[in-house]
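Structures incoming, each one as structure tokens.
The two complexes that follow have chain A in common; it is paired with chain B in the first and with chain C in the second.
Presenting the complex of A and B:
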């Protein structure tokens, strides 16, 4: 959490994270270039650069897309999610080098503008096998540019978390465009069962991880509690909630996290104001609900971030009846104090 | 013993042991994936040809200029042994713009002896010369030579792929196929002659310069057929070491198969 905006709020984890990213990228490029020079010694530098950075970006995108569902399935992967934007920006830089070199190589020094040429030098838009695949890569690069250039809390705050999240969900469109770019381009000409196989396997793994994570979350959304005569919803036995942790329930189409701490129970809206992280997967740390994604904190009894921070989430009233927790499904205004119930 | 409830906070220094071991597993898997990816993408590439582009070494070539219909320089290698060097411009342009100055000083430079300094491009017995400056062309005051008429080879049907010869014979690798198609389209629309590369061993030649039915240059009309396996039919003429095929562009037949011209 921070009150002002800095380019990067460095800490030792971020430094280690970035060193690993840099090491991985350099290792890939060196290995790719050495193997190319051994097995394809007649190649030219431009082709080698385009291929090295293009293939690196594709692999990095798969790693990035695996982080979200892996973190949902196992919170121990959350540290990887915490600095995912560094990996995203690094991947964009690799894709940018690929794209810029390809445009310079194939589209400059001609009789039309290079960007215009990307869209017009192959007009077989009606054919699948002859489709102008470079257009797909160009559009994907544009999406990645908008994502990378807004990968900062300044834009998150000013665009609003909903708009920002929507923009960053475009990564799935970019992924689809990149797969089509590769399959309708490079794989039409450089057909190897091994290279095609690894990309197909990557797609299967990414899709499966997302489906498994979605299935896990659908169990929460599928919760149907009984209502008592007052309209309060029966949710669970208080012993089902571990100390300093929460259980998440869907109440009136909204996810609510019920936390147990210091012999008390409090309920707040599950969605963090920062990036929409699942607060119910967080923990009470120093008396505050702490978001598992980026450590944003809220006081459990009123849903307010401790001063000087100003984020607020909705709170809910609870009732305990023979160890069974009941919740009033009508949420209160964001930041409304609710006396915790004792348990 | 009760399992420790680990919780990671990015801005806090402490990280639980199990979380550390999960991160280590993830990092090792990601690095392993990068190694496997580099091995596969690095090793399984189609081998590039040994074509050459002397982009940093200028060469002076002297010979008889003619256009049939594309600019060429006929160089005498030994007595009565000639080589036709196809002339090209800088970037994705033909040679004509670079020859305009000299054409202004002489009504018809066909058959005249020129010395041109440029960059050689060569592969598989064919040589091309890139001109990057019109001032590097000198017209000699030698006697005009008569153009030797090409030899008619009859109608031929050839399966292959239309390429731009500048990239195909050395500037780019690969200089053919779908990946290179948009570049070839720019080169040919910029004045570089289209060349058909035969994919069948029994064709009369591996390479054909393409013209229209009247023997005039074709550029923009042929762009939809570049970089696609195709079947072409036309009258073929043999020059010194190039073949010319006169075609009707509308009769080019696109073939639904993988390119196999290398």
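Presenting the complex of A and C:
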């Protein structure tokens, strides 16, 4: 959305969140090292680094995987969602340090190419307990590299939406590879119960969160409101919509987001012009509906991006009757101004 | 198995090798062709984009031959 590309699009909030990310990462590493020194004082420095960064990366990956469904269930998590990009890149860097140290520590002694050595130093590919688990880590790291390296707005714009989304969905393959990397690795290293515990628990939490969020989503699609005599659809009590946020309804096969802000209500088509992000899962920032995926903005009363941008989404007419919101299911042209109703 | 590994790693090395060469060309000349915003952006931005260009060069190569689909 910029007129020129910046290195990083930082604003006050993003800087604050980045500080939290950096602080959290450092705290974890310090804690890890202190605990290791207490309980396992004979651990050498390289092993400590490999384990500290590996487990840090796994924990961060779980947070990343949880944000999507969490913010769908509870909008209070949205600020983390808006900041997901920086979390993703930081997580890749942690995983990279883990991988590079592991390769240096285990694979640079001989005269074979270290990467070749990752694949061939253990050829027991048919075994379960002695599987070359580092290969799985390597493949996961490769996927994470693709995602982190294409995180700039330039790629959002210049890789087609399908390619970008496809790259992104690879994260689930990376996640599976990492689970196997940790579990199969545990047969061969004395991986701590702590790490195994986190990964098992994490897997259960992530799967349940995704299932619950998917269930909630299916309820939105199943929504059938009553129609009044004029053909308008009864949607909900206005108090059900939190300030500066929206509720999403299926109206005439289309998803519509009804936003409440500054004592007003406005309705727009739920689908972002950029890559189809769910606008109703975003919130109002600086008077604009802000897409939860990459932050495109729209004015609530006319569905237009503020100048100099030109994106437009369809708007809908609303009516309020004893605090009950009614919507005209026939949407207006994209970008049509509709007087917001007062509430 | 050893041949499979060799084949896989050779393909990977070729992919990134070509990516590096393409990346150099793209950073200095190609990027501004498919994206007018690039021409006005700082040089450091190009450095930041470099790894991603190396990673996704086939898609960007296609864009060079089929311009103006995103604007």
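The rule is short, and it goes like this: the second predicted complex is superposed on the first by the 220 of 343 C-alpha atoms of A that agree within 3 Å, B and C clash if a C-alpha of one lies under 4 Å from a C-alpha of the other, contacts with A are read in each partner's own complex, and residues count from 1 in each chain.
Quick note on the criterion: a residue touches a chain if its C-beta (ideal position, glycine included) is under 8 Å from a C-beta of that chain, and two chains touch if they have at least 3 such contacts.
Being a predicted model, the structure only gives us computed values, none of them experimental.
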item: Chain B versus chain C as contact partner of A:77, first or second or both or neither; value: first
item: Touching partner for A:208 - first (chain B), second (chain C), both, neither; value: neither
item: Per-residue touch tally on chain A - higher for chain B or for chain C; value: B
item: Chain B versus chain C as contact partner of A:115, first or second or both or neither; value: second
item: Which of chain B and chain C A:310 touches, first, second, both or neither; value: neither
item: Partner chain in contact with A:123 - chain B first, chain C second, else both or neither; value: both
item: Partner chain(s) touched by A:59 [first = chain B, second = chain C, both, neither]; value: first
item: Chain B/chain C common contact set on chain A; value: 123
item: Interface residues, chain A side, partner chain C - complex; value: 2-7, 115-116, 119-120, 123, 125, 145-146, 149-152, 154-155, 157-160, 163, 167
item: Residues of chain C touching chain A in the complex; value: 1-2, 5-6, 8-9, 31, 34-35, 37-38, 40-42, 44-45, 48-49, 51-52, 54-56, 59-60, 63, 69-70
item: For the chain B and chain A complex, residues of the former touching the latter; value: 5-13, 15, 18-19, 22-23, 26-27, 30-31, 33-51, 90-93, 172-174, 177-183, 185-187, 189-190, 224, 228, 256, 258-259
item: Residues of chain A that touch chain B when the two form their complex; value: 1, 9, 11-14, 20, 23-24, 27-28, 31-36, 39-40, 42-44, 46-47, 51, 55-56, 59, 62-63, 70, 74-80, 82-83, 105-112, 117-118, 121-124, 129-130, 132-134, 185-186, 188-192, 194-195, 198, 242, 244-245, 282-283, 285, 290, 292, 294-295
